[in-house]
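Labels A, B and C are assigned to the chains in the order they are written; within every chain, residues are numbered from 1.
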Amino acid sequence: MAAVADRAPLRTQSDVTRRIVLGVSLVLLAAATIVILLPFVWMVATSFKPETDIVQFPPKLLPSDVTLQHYTDIWHRIAFGRLFVNTLIFAGGVTLISLFFDSLTAYALARMEFPGRDLLFILILATMMLPFQVTLIPIFELLTKLDWINTYQGLIVPRATNAFGIFFLRQFFLSIPKDLEDAARVDGASEFRIYWRVILPLSVPALLTLGLFHFMYNWNDLLWPLVVTTETSMQTLPAGLALFMGQHVTEYGLLMAGSVLATLPLVIAFLLIQRRFVEGIATTGMK
Amino acid sequence: MARNGSAGVLAAPARRLRDGVAYWGASPLRRRRILTAYAFMAPSLLVIAVFLVWPMIRAFQVSFMDYSVLGGSEWIGLENYRNLLSDPAFRNALGNTLYYAAITTPASVGLALGLALLLNQAVPARGFFRGAIFLPVVTSLAIVAIAWTFLLDPDIGLINYWLAKLGVHSGGWLRDPQWAMPAVILVGIWKNVGFYMVMYLAGLQSIPREFYEAASVDGATAWQRFRRITWPLLANTTMFVFIIAAIAALQAFDQIYVMTRGGPFFQTETLVMQIYRLGFTEFEMGYAAAISWVLVLLIFVLSLLQVFYFSRRVVRY
Amino acid sequence: MIRRRLWLFLAAAALAVFVAACGGGGDDNEATPSQPTKNVTLTFWNGFTGPDRPALEEIVKRFNASHPKIKVQMTIMPWDSFFQKLLPSYGSGKGPDIAAMDSVQVPQYADKGVFAPLDDVYTDNVVPKDKLVQSAVEAGKWDDKYYSIPMNFTTLLLYWNKDMFKEAGLDPNKPPADWKQWQNAAVKLTKDENGDGKPEQYGYAIADHATIPMWPILIWGNGGDVVTKDGDVMLDDPKTVNAVEQWSNLIINKKISPIGLGGADADKLFQSKKAAMEVVGPWMTTGFKEAGIDFGLAMVPKGPAKQVTLGTSVQFVLNAKADDDKQAAAYEFFKYWHSQPSQQYWAVHSGFPPTRTDVGKAQLKENPYVAEFGEYADQSQFYLVGVKDFTKVNTNTFEPAIQRILNKKGTPEQVLGNAAKKIEAQTASN
């Protein structure tokens, strides 16, 4: 496979032109980044402003009085630690199980031959097209019948597999050279062994990538955990943060402080796997 | 490096079902292979069948009923579907959705490509830029939409305040029927552009540099290199990104729900927003289900069209 | 021997009488559900997020502590999530035992048989009906039965910024008393010094969507209405059209208010001192005070027909599937909620006036504003009472109509005429 790590540009232009192009690129990127980061700067700045300074005119982006009040208060106002753990269990559980199930299915779709393979693939893709607003209620009815309301299995099992994940991994598996598998098959290895020992280890970038997608999607999901659980002991972070949005009065400082704390794990996760992330997408057969 | 002919995943529908060998006519070895395949897929298929397919069937069933979820439903056949054909609210939502998708999709994809090209060079702090541009993808839209609403407040928001200082007279943004849709489109593009950019980055980085080197030796300009090498070799990525972006755009809901609720007077109401409104606030879940099946059809047809359009342009090498 | 038998007989009789006396319960009225006989857990869902939450949680805590056999298990979430969760929950029979929701939302659920009628809460004097705010009580009536009873109540009052009044040459201690004064003040307080067409200061911030209803107050003041208590659509009535015309002209031509405000936007404008007046509920008193605004509170100015403001009430509802024990427990909770001590605590700490009219100003002096909001209960009117599909009528027809008028998509007469026809069709199909 061609190396997908960051590479140096081609030395085909004169030094001066190259510097100019780089300079302009840098300016454009900086401009784009400023626009893109603006809401986040506002969020973080607001989390450090005293509540009375948040709604004012003329508006100020940065705080004139910095306060840590919101960051200390938030632990009293909601059970932040408990919410964090619940969200970790939910998002982490869905991610791990989904990665396992999705990869099994993707492997079958990419590497095995059986009647109805392509049709099945299209059907799986089609499930991505119906909005959840209409499937929420039938799923809830099912969970009620199974008596899975307010349980972890009720939260996790309906999300245990994901059409996009299957799609994504299938592409990735298709691009892995067949030689290694064929050698293993000749040696008499079972399919599962090949999947487990050969394919999965080669797929770490893609798995990390998909894992991050699943994790962040479920970490930020408000409605699903809210509908499936009623016990406050099982609430997730988005539900806890939503408690600061009153019908008439929103407690912006606390809300933003909570959001910063809640988003931090995702940001850290992304920064850690950035490199392998790009690698992961590069080899999903889109060349 | 061996490349699979099925690299264009969405060209799959175009392939014929070679695998249509019946189970019963197959040799024992082949039968075992087929069983193994289904064994692999069993966990996913079970979850999909119970929690995705069954709700879809139920949603289909309900679309033929006057159904409120709370009881008192009755079968009305095709009436929901007939109603939506003559419903001006539906046509409004359909128009808004198509308009939104028609602008958001090319804009997001184009912007993503541009940013990827910029980031594919040896600019300093690449990791920072990449992370910053990807940040919107990772955050919760509900919270960040509050930030946007504050920033876009026409009277006390920072954006209009700064624009006024520069002497630019700005609009009412979310309150203005003319500007609400552009504001919502802006946030939609902002949210996802990082994701598409990362895909393009990956695509760019897997173009062998020998091609560029050969081209420069032949005296090609930067624009020619882009047009003749980069763009065609990115076709597969473009197809994937474009289709994903289109599907997401056609299902636009989150930022609209938080920022405008479909207003002012339904100017930003997309199909999914309408489905939510009818199903959850007006207790007309049957009608909402009918609309959602029309949406599914729309997405499916548009996706197929895109696949056919792009398949012919995909370069296989 | 006969003596021993006699003693035994007397003892048994005494025992029997003793058991009968203890086991009967102390209630005079047979029909009231008696105290729950075993431990009962009541699930209670509502949307009191934000600053209202602590007061509510405290009262529930006190109830649980003083009623060992009953545990109220409360789940709070924002109102829109609440309704999204309520629908599938009731649909699958897993709804909460008791819930709270705005009175306007009750009929569409009651109509589907989801709630139990609560008439006997009043007839059995579990809660003293005559001591509650009457308009809030009547707002819980649907189809001739009380399907909900009040949980909270408030009116909307006029806030005015005294400093801005002084600056504009108006008496800061004399709020406008009638429409003429009100409209003049609004125009005077609207300032566009740099002439760019966008005022730096607005006279009167009024919201047209995502808000506690503010426009109906103006319509009522002129003698009009959207849909009357008897179900007549009055949206195209000349008095209604005239009211909308007057105020929309001021907004469009004199720019006394921005167009397209949501409730929170209007609050933010007053809070950031960009608007001089606002008609809104008690929840903003803390925010405005902390922003350093010297504001006054007064009844909404008198309109040509009457002086009236909006009354609004979140109400308790009981699940129709609740068994006798749960019903008894719920009634205990309602009783506790409406007791004088609870209402005093609630009013002082949440800022909502008490549901009881016999909690005096002296008992409320810890919170200086709350008594005022309760004072005008008699002049408050509830909106769209008895209309089943509040969302269809208000949110999807009336509010867009007002927005269309303000954005000059038609004259008030045209737009309101169309809207009236639509509402007639909506209310007729019930």
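The rule is simple: contacts are C-beta pairs under 8 Å (C-beta built on N, C-alpha and C of every residue); 3 or more make two chains touch, one makes a residue touch a chain.
All of these numbers come straight from a predicted model, not from anything done at the bench.
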Chain at maximum distance from chain B, centres defined as averaged CA atoms: C
Interface with more contacting C-beta pairs, comparing B-C to A-C: A-C
Geometric centre distance via CA averages, chain B-chain A, whole Å: 16
Chain centre separation in whole Å, for chain C relative to chain A (CA means): 40
Multi-partner residues of chain C (at least 2 other chains): 84, 87-88, 91, 268, 272, 274
Multi-chain contact sites of chain A, meaning residues that touch two or more partners: 55-57, 137, 141, 222, 242, 250
For chain B, residues that touch 2 or more chains besides their own: 69, 155-156, 280
Residue ranges of chain A in contact with chain C within the complex: 51-52, 55-57, 136-137, 140-141, 144, 149, 222-223, 226-227, 230-232, 239, 242-251
Residue numbers on chain C that touch chain B, as the complex places them: 83-84, 87-88, 90-91, 108-109, 112-114, 196-198, 202, 209-210, 258-261, 265, 268-269, 272, 274, 389, 391-392, 395-396, 399-401, 403-404, 407, 409
Chain A partner contacts - residues on chain B that touch it in the complex: 1-4, 6-9, 12-13, 15, 17-23, 33-34, 36-38, 40-41, 43-45, 47-48, 50-56, 58-59, 62, 69, 115, 118-124, 126-127, 129-144, 146-148, 150-151, 155-158, 161, 190, 193-194, 198-199, 201-203, 205-209, 212-213, 216, 222, 233, 236-237, 240, 247, 251, 253, 272, 275-276, 279-280, 285, 288-289, 292-293, 295-296, 299-300
Residue ranges of chain C in contact with chain A within the complex: 43, 45, 47-53, 75-79, 81, 84-85, 87-89, 91-94, 96, 212, 263-264, 267-268, 271-274, 281, 283-284, 286-287, 290-292
Chain B - residues contacting chain C, complex: 68-72, 153-156, 169, 172, 174-177, 261, 263-266, 277, 280-283
